[in-house]
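A, B, C, D, E and F label the chains in the order they appear, each numbered from 1.
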Amino acid sequence: MSSHLEDVVRRALAEDLGSAGDITTMATVGEDKMARARLVSRAEGTLAGLETVKWVFALLDDEIECGLIVADGDRVGSGAVLAEISGPARGILTGERTALNLLGHLSGIATATADLVGRVEGTGARILDTRKTTPNLRALEKHAVRMGGGVNHRFGLFDAVLVKDNHIAASGGLTAALRGVRDRVGHTVRVEVEVDTLDQLDELLTLDADAVLLDNMDPDTLSRAIKLIDGRLITEASGNITADTVRQISETGVDYISSGWITHSAPALDVTLEIED
Amino acid sequence: MSSHLEDVVRRALAEDLGSAGDITTMATVGEDKMARARLVSRAEGTLAGLETVKWVFALLDDEIECGLIVADGDRVGSGAVLAEISGPARGILTGERTALNLLGHLSGIATATADLVGRVEGTGARILDTRKTTPNLRALEKHAVRMGGGVNHRFGLFDAVLVKDNHIAASGGLTAALRGVRDRVGHTVRVEVEVDTLDQLDELLTLDADAVLLDNMDPDTLSRAIKLIDGRLITEASGNITADTVRQISETGVDYISSGWITHSAPALDVTLEIED
Amino acid sequence: MSSHLEDVVRRALAEDLGSAGDITTMATVGEDKMARARLVSRAEGTLAGLETVKWVFALLDDEIECGLIVADGDRVGSGAVLAEISGPARGILTGERTALNLLGHLSGIATATADLVGRVEGTGARILDTRKTTPNLRALEKHAVRMGGGVNHRFGLFDAVLVKDNHIAASGGLTAALRGVRDRVGHTVRVEVEVDTLDQLDELLTLDADAVLLDNMDPDTLSRAIKLIDGRLITEASGNITADTVRQISETGVDYISSGWITHSAPALDVTLEIED
Amino acid sequence: MSSHLEDVVRRALAEDLGSAGDITTMATVGEDKMARARLVSRAEGTLAGLETVKWVFALLDDEIECGLIVADGDRVGSGAVLAEISGPARGILTGERTALNLLGHLSGIATATADLVGRVEGTGARILDTRKTTPNLRALEKHAVRMGGGVNHRFGLFDAVLVKDNHIAASGGLTAALRGVRDRVGHTVRVEVEVDTLDQLDELLTLDADAVLLDNMDPDTLSRAIKLIDGRLITEASGNITADTVRQISETGVDYISSGWITHSAPALDVTLEIED
Amino acid sequence: MSSHLEDVVRRALAEDLGSAGDITTMATVGEDKMARARLVSRAEGTLAGLETVKWVFALLDDEIECGLIVADGDRVGSGAVLAEISGPARGILTGERTALNLLGHLSGIATATADLVGRVEGTGARILDTRKTTPNLRALEKHAVRMGGGVNHRFGLFDAVLVKDNHIAASGGLTAALRGVRDRVGHTVRVEVEVDTLDQLDELLTLDADAVLLDNMDPDTLSRAIKLIDGRLITEASGNITADTVRQISETGVDYISSGWITHSAPALDVTLEIED
Amino acid sequence: MSSHLEDVVRRALAEDLGSAGDITTMATVGEDKMARARLVSRAEGTLAGLETVKWVFALLDDEIECGLIVADGDRVGSGAVLAEISGPARGILTGERTALNLLGHLSGIATATADLVGRVEGTGARILDTRKTTPNLRALEKHAVRMGGGVNHRFGLFDAVLVKDNHIAASGGLTAALRGVRDRVGHTVRVEVEVDTLDQLDELLTLDADAVLLDNMDPDTLSRAIKLIDGRLITEASGNITADTVRQISETGVDYISSGWITHSAPALDVTLEIED
């Protein structure tokens, strides 16, 4: 994945530097000035994105050393030192914000995921992400979800079939929608179908699918759906999953619970860079 | 900005489509099938990003019509219809998630900004954004801040001078840091300096700067700083600005209050696309 | 997929035009000269890539009309007229070779695929492609395979798990290789494993996989493998599949037969552009 | 050429990795696992593209060593070891297919070229390629032709003038087509003209050209054309050149024989990567 | 060439707009404001680049009409109206500088070329450009040279052979340098060799070359060289060609005279955009 | 800025190499041949762009050593050795022209700037550049201006507000144009306004602006304007600034004098690369 990661970091730096570069640092800090800095967390959380921090500084100046002290997936407390960075001061100062933006954003997602994962512990249910990610950062965000203990749903429209309510509406019903799907896609692709009611589920159980997305069902209905399915399909629950409701849903026996919130609304983890005196 | 916007949308679509495309839609919906859909808000909020929605569908299929009913900057309630979209069903279904991701993300930022703007109403203080934005989406996020009633701080390291604590540390003190800045940068660039204490502020007032960033000061210290400055510098307060504290800070008479939270941690606005029967 | 297709055609034109452009046409044909041409097949075959022909001329000059007479997937004989093209002569002459290169290459793949598909008719076996494609043209080549009646295997390393002999060797055996795979990948991803012997197959049948790639087995061994599996796994045969052997292999009852030859070695279909007098 | 080559390899890897990367290898092989592998030919042939193999592994992991044992242009037998590769197992497994695809494709072209070159040995005729190349791979394919002992025709529409039948038709005849060509193009550019009949050749010999493309002539007509030209023009024969006919054509005394088949239809050379135990 | 041209204009606009766009125009001019403007020359000169002006406005807003009154290659006097532009005022103001930069730069080159062409009139010598062009603008600058009546030398290192003093030095002499050149390059490529003395010329006349670059010779030596060559090679004179010396050089009977000055040092033509009241 | 610089150099090399590469050097110079060369100035001037020279050779072959003897901003005489370059001869010869083109172009700008800077010495006036730069090279050209002792005006339309005559015309007058500008742009952005007459200046002095561009005023009018302003605005003079007029203008007491000529019309500095025997 490193080539994709490098590309994202390059763009992020280009966005911040424009063609004129970091005019403050060039005007205030001498070219030969060296510095040491520590990357520090100011809150408790689960980390993701430390590799992006390395890329930021590597792309700015290959004389900057960036030694990681922790790794993606680690749980740290407030005040934890995450990395030690040393080398030409200009590059360190120029890269600071881009590095913190990436690390804070991705660790925020890992932390939010880890919270949900903790809440369903022991039930066997797994936390899934969705395609509700930040445009142009999906692969990194899905990595962050894994670091928080979650599992990835499909990466895009291209790598799995998920027949949703709008497909069913546009094709004239569930049976019509599923007709021909198996022929059109290869044997490596699983077919998942969204249902909103037990009636739709009944119809689906007569058709050829691998998984079902049980959307917006209350815990009781969900429990009845799981019983009805009886292991014949992989089950996924979605719709307004919150920290308050996720435990109850996980206890229905559902296999996966997907949450858009962990990627589109998780607050950033508070991280900072401290220049040493 | 439209060329930049087009580029962001192109990338977002490419990320979702890969080279294989939307295999679900191609397998379930006929090429000639037409559809009508409504873009609907499921929460109260301030909108930003409607232009990205238009680009999503325009890039997928130029036969899709996307008629906007509201405009960026508008305040809408839950249930409001934002746009009507009609045309080939495949393109509408393929673009749905990318459009919602962009609109939800940007409207979340506009809504968070509008909330802070409302809280400081009448004090004369303006809400500023920061460089704590999502990598590769800064220009769109800054647009969203403006739509929420905020004002943009610099777009990157290239378009203004902001001498921060780390620059001062790396250059050996405030006076050393500012020496030569004016010569290095053109006359169109303002010079702003971060100070953490009143002592630093005293030193700054003897030097050549245009604005001061008063970082992490409690309201009392901030009030004393504003009095000390007495209109000689543009003033900006930053550091842990929250919905709870922003009003008190605005009442100190500070010109600008900057918040990273509105861009890095605002939850997405809940928007959806409803296919009509 | 059209945005990907447009990108491939843009690159192909840029490769042929350089920055100097088509110096022959600019020197010999007047800017206002109009022309009519017919795209003609000079051999029997199955077509793929007609959309690329449209893109070639659309990108060169939007005044060129390109009316398709047949469609991708159609079977045509030698001499068949595939499209009628009319408009400014310069653009038609400049695009001719790029259009023919794309159409000939992709139709060659469709034709080779259709040949194998025809040979296994009635057995229930499906013809699969592989990742043995021409670099930078995979998505178009996989489209060509579908047009020839084949089915697509995974699009890349990213969208399905296929544990091959080298993975097993590098991880210390089949059981070790499979341990943890299910946790690492999402529920939409199928896990396929390559086995070369019946002993390996025995081991695999005790593990958690969805499909098996039976590599380089002679028809007898393959038949025994299929019986052993008894429907518990999706089966795929690979290894030196030729026009001569494919029928015998398909009669073993295997679900899929994959061929690298149809993408890496199929000769181009002979197509030409005839300018009308 | 290395920057172009790097670009082609980057794209090929991106095509195979998507944004999710090699999920099989990440799930089955430990990050610290080291491996040794040998690149082996499974058929007799002439090599081209070994430099692309080095780029594949260099771009994936700069700790992978790739020691070439043979060089582009070398003739090898079945079983020949072409390179030894060692380092982190993940990168080696991830790059395997892309490396083999590039090497097999280009070596297939070199082998096909070498075959034609061998057949015309002693006659003085040289084998030329055409613009009938695989879109986006032309420069590499032309390199492969040179490695097989062939000579390159023009690289694109931009670097030489070749007035073909369609140009002559569109400009109203041979004399009209050639009028002004010399003025429009620089003195470094040669002008070649296609003729199909001896009558056209007679007309051409009265005009200002440097070379003639004698298209689709049978050996007798070709011989008469060569005599008629009598060294005044460089001569090139084209049109349905096959292994069976190329010798007879070369014996007419023609200077160059061009073949589209060697680039658009040559089967890939069978190469493989063997992980050592 | 239009795709290359579009690309250059896109980049130029992106360079000027950044991601924030034209903040002055957005802040001062209403979205619905329409305007009419005239593109005017403020000096006498030969035009090149009018097509870039059309692209600038087309890319910014497709509602802007840009009607050209003159064409590339035309000679105009001071005050001449070159184009009339009308439509949304924002796009016209935003594109003004980029359009003028391109047109002024390219017309400056055309004008400088036309000046040299005029000075050699009647001698039969042609004015050539060189590779001494502005990085990333070569194709447009070579177009400007043609518009000024000049002829293009090679477009790059890729499309012709020019063996210069440094090649001869690095390969151990003229004869050594030329050995094998003909085999390495195709029959469409001309071979030109630089010589600085008549002794080198003597040596060259015994070898296989198509053209000679007579570098830095005074008019007398040049005349003797031309006599010595006696039509056996195409001749090109180069080295400190100025308006003062070019006539004398042209009268030696040399075929081509190449000038770096017309591309690397020609002053821009003064053009302006006048908004009508 | 190095990433931007690398990108410019990459493009410049790609433009010169095409996909076929440097066919002359590949045909005449052995792969193992080593060479030493000296970069030499053939005129007196101020240098800019030495870093681009390093990038050219670094990108072509990382075994080439390029040791700089002087630095950007240095003043050198004719014959001065600027750098010593050694390593594989092929890369040195291939990069020669691109390196010289960049260095000559940028040093030409630095030299022209230094000339103007010298002429205004002692007056306190500073020389500014404009947006009249070569498309796609603005950032490098602005660097060259700094190296010549000049100061940069804004980098583009995005980083400062400059309200020009056309904006005023399009918005219906100066007061209307300025209304709302301060609200629309952030506090880091200065607002500059162009005025052509003293009447306009009177109006401007009643409004909220930071700087004034006094366009095309004769020295007397300019002096009166400066007195009228009396330090309340930063002052910039523009319009037909030449070596002859710049001193007189600088003596009016104006703060800045901007010149388009130094970027759009400065002749290249004559630099060369000498291969050592």
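Throughout what follows, a residue touches a chain if its C-beta (ideal position, glycine included) is under 8 Å from a C-beta of that chain, and two chains touch if they have at least 3 such contacts.
Every value quoted in this text rests on a predicted model; they were computed, and no experiment measured them.
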Message: Show me the overlap between the contact partners of chain C and those of chain F.
response: A, B, D, E
Shared interface numbering between chain D and chain C [over half = same, under half = different]: same
Greatest separation from chain F - chain, by CA centre: C
Message: Find the pair in A-F, A-B or C-F that has over half of its contact pairs, by residue number, in common with D-F.
response: A-F
- prompt: Which chain has its C-alpha centre farthest away from the C-alpha centre of chain A?
  reply: E
Field: Inter-centroid spacing, chain E versus chain C (mean Cα positions, whole Å)
entry: 44
Message: I'd like to verify one number: the distance from the centre of chain B to the centre of chain F, where each centre is the average of its C-alpha atoms, in whole angstrom.
response: 33
Task: Return the distance between the CA-based centres of chain E and chain F, expressed in whole Å.
output: 21
Statement: In chain B, the residues touching two or more other chains are 15, 17-21, 138-139, 152, 155, 158-160, 162, 185, 189
Query: Which of the residues in chain D come into contact with chain E in the complex?
result: 128, 151-155, 158-160, 162, 183, 185-190, 192, 211, 234, 236, 255-256
Message: Which residues of chain A touch chain F once you look at their complex with the stated criterion?
response: 10, 13-14, 17-21, 59
- prompt: Okay, in this complex, where on chain A does chain D touch?
  reply: 1-4, 138-139, 142, 152, 155, 159
Query: Contact residues on chain E for chain A in the complex?
result: 15, 18-19
Chain D partner contacts - residues on chain C that touch it in the complex: 8-9, 11-12, 15-30, 33, 35, 37, 89, 93-94, 96-98, 100-102, 104-105, 108, 131-139, 155-171, 177-178, 180-181, 184-185, 189, 261, 264-265, 267-268, 273, 275, 277
